[in-house]
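Each of the two complexes below includes subunit A, the first together with subunit B, the second together with subunit C.
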Partner chain A sequence: MSKRVLLGILLACGLTAPALAQEPKTGGVINAVIQPEPPGLMLAMVQNGPVQMVAGNIFEGLLRYSPKLEPQPELAESWSVSDDAKTYTFKLRKGVTWHDGKPFTAADVLFSIEMLKQTHARARNNLVQVDKIEAPDDYTVVFTLKQPFGPFLGIFEVGSMPMVPKHLYEGTDFKTNPYNNAPIGTGPFMFKEWQKGSFIRLVKNPNYYEKGKPYLDEIYWQVIPDAAARSVAYETGKVDVLPGGSVENFDVPRLSKLKDTCVTGAGWEFFSPLAWLWLNNRQGPLADKRVRQAVMYAIDRDFAKDVIWNGLGKVATGPSASAIKYYTDDVPKYPYDPAKAKALLKEAGYKGEKIRLLPLAYGETWQRWGEAVKQNLQDVGMNIETIATDVAGGNQKIGDWDYDIAFTYLYQYGDPALGVGRNYVSSAIAKGQVFNNVEGYSNPEIDKLFADGAVATPDSKRKEIYEKAQKILVEDVPVAWMLELQFPTITRCKVKNLITTGIGVNDGFKDAWLDK
Partner chain B sequence: MLSFVAQRVVKGVIVLLAIVVLNFFLIRLAPGDPAVVMAGEAGASDQIFVQQLKEKFGLDKPLPEQLFIYVKGIATLDLGFSFRQQAPVSKLILERLPATLLLTLTAFTISLMLGVLFGTFAARFAGTFLDTAITVFALIFYAMPIFWVALMGILLFSVTTDWLPSFGYETVGANLTGLAHVIDVAQHLIMPAMTLGLFFMATYTRMTRASMLEVKRLDFVKTARAKGLSDAVIQRRHVLRNALLPVVTLAGVHSGTLIGGAVITETVFAWPGIGRLMYDALLQRDYNLLLGVFVICSAMVLIFNLITDLVYRLVDPRIEYAT
Partner chain C sequence: MKQFWKSMLRSPSGVIGLIILVLAIAVAVFGPLLFPNSPWRMVQRPFLPPFTLSTVPLGTDALGRDVFAGMIFGARVSLLVGLVSTLVALIVGVPVGAMAGYFGGKVDDALMRFTEFFQTIPSFALAIVLVAILQPSIYSIVASIAVVSWPPVARLVRGEVLSLRTREYVQAAVVTGQSNTWIILREILPNALSPVIVLASLMVATAILLESSLAFLGLGDPNLISWGYMVGAGRTVIRQAWWITVFPGVAILISVLGLNLIGEGLNDALNPRLSREGR
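Presenting the complex of A and B:
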């Protein structure tokens, strides 16, 4: 062994040793920001971001996912797949109890799935390939599928399929069940108190099945509606954790430089938020593929990333974010090229027809982005009119197809069959709803590829199908992909191990501890 | 007087009903459907799900039927159910009412007392440096947007000097009781109440000043002076008392709107009041909750107007209640 290699090994050991030596410490209280205030905490009933961020500590799913999106045990300790990829058998953890002391069993799993089919639209969509679910004993659950479904092991995270206590919900009116406001789960923290408009308090579950966990005694989720006030709350030491999206982007660099502050972009791999512009393919200039391509060339996406998003995130290459399975960047490229955009517009015969642009009413960052895009498009000769709405009004316009260009960003949930296809296949065109194929793109070849991709085996076959689909879509530009967003989580450095999975802060604080 | 009150109450109920009906339709005129908002947040929005939500909210029924159901509920003091927050509207409002009342009544008292005091001084020393100084001071707070004053207050008193907490109603997790709790809440209250109070103070200052200068010129003041009364007595008993009528009118109007008018202050200082509840309900198109807040706010305006009318008489015995 050469001296250099030996030195390298010694250095490596020396550098990693302190990290390994740091044993988690027990105790302490974390103050975190939650924004906006969740409407409820019953994850099976309401699934928006803030609900999951808090309730991800109270409820659990059968699985969690690593940053590389590999399944990891949670309430299920092991699982197996039959050779024909149609039968999935989960072995549940023994000795798990609900916060009220009742045991968690396979009956709860069966009940949860039945309930979620009524209350959780995404869960219902994820379960369409399931033929039957059985519980041969208290700790075994067997899913039998109608046909193989590639992403099946990716649908068991807590937000996608939270487990609900059967003994408290069976036979009740789900929407008015009193436990919606005092939820009972199996998670590492228990619901204690909610002063509406002020804070939500969770306390340690002393009977948690993973011995020694959680390390923290309590979590306070503080409701602070103003973005500037949230920054101040962190600066003045009133909160220790600012989850992604808590402060405006222009505040991130300043806060990141504060003493004892750590910043990470990790923990969004499962969701992979991707921002794009809906382009109305049905009518007006944007019905022409060349005009849509011109939009891609006209927009300076590096500027948006570097200036509006402070260098966070990545320029998107197509319909899949790079953390999503079967992602490929081997697709047609659209660099910032105003001259090419102008040429395409000329070729398409665009004569200055008015194009309506709907920005996203999610605060300052999005407003600025809307302005930047408008300017880019005007620079190449497009006649852009900005239409200002609030979120609900904007959704209505988009759902009614009453727009030309509209900002959005959506989660992709790890697999193209779960979070990508829904925006491009023609069966997902339905007026009055948002977040489906609202652009009205219809291509039988894409329909077939996504239909085949969902059920194809083995994995290499799926890869081939989805790579082909990505190439076709990027050529057709049904929507204009902008950025893979990154929402940095800002914490005091004494908060350790906050993010350990690809689900990030939405996965609960069970591994987190305070280095006091 | 009793029959005057009874008459006003009956009128008030009719006005309230008109407000309910008007708001019911106004809210629905705004684009955006609560079912679509919720389905969107769920990360999936299929037709079955949206339809299910509409049925759950009763939004699939014809509008007149929805209105009838709502008004019937109001008649039995039932403000309906917030499907978004999964709780009865009255419970949600009652949870927030104390914080709002504490904030707005404190701000109201500050603004009225300081406003009348400064206005009196300004009138007494009209044309002097003191008058100009008071006017400028009052106008600064009136002209600056509330959110700006709030943020500057936070910057100065929380970030720079660390004298006052920057947000919230109390120190979360401190579990204080008794006097310590009262002091804690008071510390949290100072900045939001001053921000809101200083804004309204300006109008009272200006109104009191103008009104007093006008009254001062009237004959009965001359008479009082001729009788040999001291200047202090004339100012207090004769001028101020007569000059207060327009101030009381303005205060009556303000006091009603204070309930719903504290949205910005409550937002910047994370004060858990009704203003924010209303704002969130509006963004989410939570119809029942929004209507509920409107009903409460309208009722407050009506009640405060009634109180104003009664106070008139105390201030000016010449006013009689027409029955």
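Presenting the complex of A and C:
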């Protein structure tokens, strides 16, 4: 059969019976874009987006998460929770080896957690409720909590808690350990080489514990610094995978229309990036709740979604993204209504005081968004002055509370106790940081709700608490929620099964295969 | 003066340049009156090609903003930056050059070393650094363009003053006991002015280009639309929407060309040797 006929048949199959599961094929090399070039690959030490994306295939966590954020086995093959919700017992998978051949055991888990407490700020924070961790045998790990902590099963993803080889790191200076440059994990792919400024090469782990996986032989992560050049690299066939955020949004529709190209917004459920405007609640016109509500009414968020983000994403309804647990849309609504915004401003006695707007210096999309929001706010009579700044300068201004309105987007990590509360409780007001309660909102009721919600049992109780918190927050508008962002992943359609979990490309190459 | 206009109008390039400049100034002054809406306003669907709707003749940009309105308002910013920064550069450069040339000796040495200090740094790089440090705003842009463009003025004026310094009428003025300031202002500078005027017209053109380049790199005033900003913002979508970059680009080209033609015309008109040839 000629190649063309075969291709025709394959295409016909693909078109007529997309639901038909195909048998994965083994072999093949994939070129993917990594943007920007990661500062390192030792996931326990650095956790920037691109680090997670590459190193998520080298390292593994105890659990993975489905797109619905349900825990799934990874290095732990099963787990159980005691009736008082304070003891979590994990059974580890047997026969797992590190890339250097040494077996993976419970001792590695205990060591990893000790190490992460020193090197990984978010992991340290996630483990605050843990009283002690024990390993009764080589394949069992028991976590005992100080008090029940609802989101506990949500902290074991590879980026939040990567497993590190004890035999290579114990007793060494973590920062200067030579294995930071050639990381050893348990994952489906092994680090092979890194030509700085050019590519990172991972090769198949032949001894991977899941028989038959991974299907691919090699992954090349190509480093291409210019956004336009990344699109061209895809068009010319140099790369087959453009992970979310690696091309500018306005290129997405054009690339999507190319032959044999598949686009998906899935694979970001665990992070659920939510974009909002910090509103400085401390001073100036925005200290007035009515002015903050006016901001919500004044901004055409559908326009932002359709035009600036090319229809990707979702208009946010409140502090939680819709994939986050206990999300509710039963909250006060703020449709685009300039007349109402004007009325609220008038009622609040706003007299045209100057309001400074800090856009996010993350490229064209964010710049355009800043301009559109400025125009929306000016249309209802607000006197907006845009402050031009770079990323570092913007972070400094936001951390010093030296702004009136500022763009941002943050990850939410699946549970309101892990990724939402930190932006609204008054204990998280700390000058100099940019991911906490930057707006200076302080409401004892909200503080109590988030404190109770983290440790309440059972689930229905947590749900009730967090739904109440969402209603209060949306009424008060401490920040102006904009969009649930979606970073589309663009691939050739022959790349199959790349995105199967809630963290998408970050651990997706384990299951991915190439249809030749 | 009449003589000047006569010779200016005799040079075709000068005439064309003048027409372009007058038109550009007219657009900058009166254009915004015809477009009461802000050029930042999103008026139509994004990426509307030009010549499809009469309300947005040159199409819309990535946010649905009117490209034509942007060009009209951009003219104001570009010309203003060009003229004001040149004026500032003259205010700094002329006295420095005049003093260096007139007093000579150590004053000359000191002032010229100072000038050279600025000349050794590539001007565009210096402008970028200054704007980045001062944060982009119309003031910092004008200031940084002025800072990088005054040294040539100083050197030119110094050269002229050096040669005029030895003329008999200047020496006569010195002998009659007039003050140095008076001599520089009344006797020397008026006679050194014609090459400075020619240079200034070219400097305006350079300043417009500099401002456009800064805005292109994202270092424009974020609150003001300018041609360079439009080109820079449209650059990344040039494959989908050529018109966003092409029209403001053409506007920059024409106005810079116009200023250069004026410079040439002025040179013809003010150069005694050239202008007398025609008689």
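Please note the rule applied: the second predicted complex is superposed on the first by the 494 of 516 C-alpha atoms of A that agree within 3 Å, B and C clash if a C-alpha of one lies under 4 Å from a C-alpha of the other, contacts with A are read in each partner's own complex, and residues count from 1 in each chain.
The working rule: contacts are C-beta pairs under 8 Å (C-beta built on N, C-alpha and C of every residue); 3 or more make two chains touch, one makes a residue touch a chain.
Computed from a prediction, not measured in an experiment: that's the story for all the values here.
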Would subunit B and subunit C fit next to each other on subunit A once aligned, or clash? fit
Of subunit B and subunit C, which one touches more of subunit A's residues? B
Please work out whether A:120 is in contact with subunit B alone, subunit C alone, both, or neither, and reply first, second, both or neither. first
If we overlay the two complexes on their shared chain A, which of subunit B and subunit C does A:389 touch? Say first, second, both or neither. both
First (subunit B), second (subunit C), both or neither: which does A:54 touch? neither
Of the partners subunit B and subunit C, which touch A:106 in the superposed model: first, second, both, neither? neither
First (subunit B), second (subunit C), both or neither: which does A:465 touch? neither
So, does A:228 touch the first partner subunit B, the second partner subunit C, both, or neither? both
In the overlaid three-chain picture, which partner chain does A:374 touch, first (subunit B) or second (subunit C), both, or neither? second
Look at A:358 in the shared chain and tell me whether it touches subunit B only, subunit C only, both, or neither; answer first, second, both or neither. neither
On the overlay, how many Å separate the closest CA atoms of subunit B and subunit C? 7
On subunit A, positions contacted by subunit B and by subunit C: 228, 389-390
Residues of subunit B touching subunit A in their complex? 30-34, 36-50, 52, 56, 81, 83-87, 92, 95-96, 99, 151, 154-155, 158-159, 162, 165-170, 172-173, 266-273, 276-277, 280, 283-285
Using the touch definition up top, name the residues of subunit A that touch subunit B in the complex. 29, 31, 36-37, 39-40, 42, 45-49, 118, 120-122, 124-125, 175-176, 180-181, 195-199, 201, 218, 220, 222-226, 228-229, 232-233, 235-236, 238, 389-393, 395-397, 399, 410-411, 413, 422, 430, 432-436
Listed in rising order, subunit A residues that touch subunit C in their complex are 227-228, 248, 250, 254, 303, 307-308, 359, 364, 367-368, 370-372, 374-375, 378-379, 385-390
Which bits of subunit C are touching subunit A when the two form their complex? 38, 40-42, 46, 62-64, 132, 135-137, 218-219, 221-223, 233, 236-237, 239-240
